[in-house]
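In order of appearance the chains are A, B, C and D, and numbering begins at 1 in each one.
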Amino acid sequence: MTYGEPIHLSDAKKIVAAAQAEAAKNGWNMAIAIVDSGANLVLLEKMDNTQLGSIEICQAKALTAIKFKRATKAFEETVEKGGVNLKILGMPNVIPVEGGEIIVKGDKIIGAIGVSGALSAQDTQVAKAGIAAL
Amino acid sequence: MTYGEPIHLSDAKKIVAAAQAEAAKNGWNMAIAIVDSGANLVLLEKMDNTQLGSIEICQAKALTAIKFKRATKAFEETVEKGGVNLKILGMPNVIPVEGGEIIVKGDKIIGAIGVSGALSAQDTQVAKAGIAAL
Amino acid sequence: MTYGEPIHLSDAKKIVAAAQAEAAKNGWNMAIAIVDSGANLVLLEKMDNTQLGSIEICQAKALTAIKFKRATKAFEETVEKGGVNLKILGMPNVIPVEGGEIIVKGDKIIGAIGVSGALSAQDTQVAKAGIAAL
Amino acid sequence: MTYGEPIHLSDAKKIVAAAQAEAAKNGWNMAIAIVDSGANLVLLEKMDNTQLGSIEICQAKALTAIKFKRATKAFEETVEKGGVNLKILGMPNVIPVEGGEIIVKGDKIIGAIGVSGALSAQDTQVAKAGIAAL
């Protein structure tokens, strides 16, 4: 898949609003980041009382997704296999934890979302709820 | 002045919305960051086509303001005095450029805003327009 | 000016080849970097016996140019004015030394070039010779 | 094996051209870096639409190879052994993923190549195709 033009702020806002609605519905406090197709931060929102560490983690998830054109869950599954696959832990700036998803428009990658604050499967649930709103 | 409780995301959104309205009215593309009283990022929005460097600069301004309880213009004025005052340029993570302002509620500092994208006096204009909306 | 799509490697190669020809003609050893419109490195070439520090500096110049949509000479001139303008020295990841130039195609910025290795005016001369080949 | 004099840019270009030909033949988009015997970047080329993360990863592979005088596959095999060998994951700036190879001329190490963009075995295939051209 190829990189497209950078996501617009208006689209990023739609995604984050929907993601936050999903988080709020479940009572989760989360930090959510959107980066564009050039791996630059476009939007970040930290809900009240979110664990502070999530501010960095949500950005790391979004950046890993955009830089490797895949959901961060792919790296988590690599770790899960164990053995030599643990090599992934030695890759700089790759966070092998789900909750990062690419954002596709047409057939191009225009950005990525990263979510952190709850269990990582819940982070993914929120990320996907956000993307679904686009 | 003392630090108060961290700014709420809802208040940060009001500030950024007003700041963006001021920017848009003037045709400026800007990146705007809000940090809380603990120097943690709460909200960042990059308007479409803003110069990419402003993503880092707006955060640097907000962080400098909150960490030193003053507008970044104070550090700019220190540079202006010259001589030994230039020592300020050797302080890590202090950006001596206006456009960073503290956000006060009651008599407590609850956060700071940083704006980057236009001339630095214009950055301040936008930051103040944002704060005025609180 | 707005950011366009990322410069192609083939165009980056044309620019660097022409820049190197200009450098070689003058007997200068240089490091030359091209970044794309998203501030990502596309091409870097270090000529034999170039001072090692230029590897980092040429990237810093290219990144400053793309991130602020202007030649790095603009920041050098700001420093030259002295007084309060020295504040520029406190901006993170801004190198105020000429030799970084944006690359424009149509009316869009598609990337930037950074050159280091000789006097900074010579760095600019080489950067411009490169861009002229596009 | 001892370090020799730094690889020439002209040799680095031959290697990268051959590596890219191998990549293109297989339809892979890759980033390729060459460092010299002093662990300094000499040449980096990112093919169009390569995943952005490969820009950093290819450099990490080349640097790990030159700094430890061995192919990065050696570190990958260390991880594969498991147990205490996983300590390798705690070494700073060591990437235990194949795709980094030293470049030898005569009996001296003159540089290293790092490749990223496809499966790591494919990265090695491309790295070796490049070195074979020297």
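In the analysis below, a contact is a pair of C-beta atoms (placed from the backbone, for glycine too) under 8 Å apart; a residue touches a chain by one contact, two chains touch by 3 or more.
Being a predicted model, the structure only gives us computed values, none of them experimental.
Student: Note the rotational component of the Cα superposition from chain A to chain D, reported as an angle of 0 to 180 degrees in steps of 5.
Tutor: The rotation relating chain A to chain D comes to 95 degrees.
Student: Based only on mean CA positions, could you tell me how far chain B sits from chain C in angstrom?
Tutor: Chain centres of chain B and chain C, defined by C-alpha means, are spaced 29 Å apart.
Student: What whole-number Å value describes the gap between the mean CA coordinates of chain B and chain D?
Tutor: Chain centres of chain B and chain D, defined by C-alpha means, are spaced 42 Å apart.
Student: What are the residues of chain B that contact at least two other chains?
Tutor: 52
Student: Connecting every touching chain pair, does the picture come out as line, ring, star, complete or other?
Tutor: other
Student: So which chains actually touch one another? I want all the pairs, not just one.
Tutor: Listed by label, chains in contact pair as A-B, A-C, A-D, B-C, C-D.
Student: Could you please specify the touching residues of chain B with respect to chain A in the complex?
Tutor: 6, 8-10, 38, 40-48, 52, 55
Student: Quick check: in the complex, which residue numbers of chain A touch chain D?
Tutor: Interface residues on chain A, with respect to chain D: 2-3, 38-39, 64, 66-69, 83-84, 86-94.
Student: Along chain A, where are the residues that touch chain C in the complex?
Tutor: That would be residues 3, 5-6, 36-40 of chain A.
Student: Residues of chain D touching chain A in their complex?
Tutor: Counting only chain D, the residues touching chain A are 49, 51-53, 56-57, 60, 75-77, 79-80, 82, 86, 88-89, 93-97.
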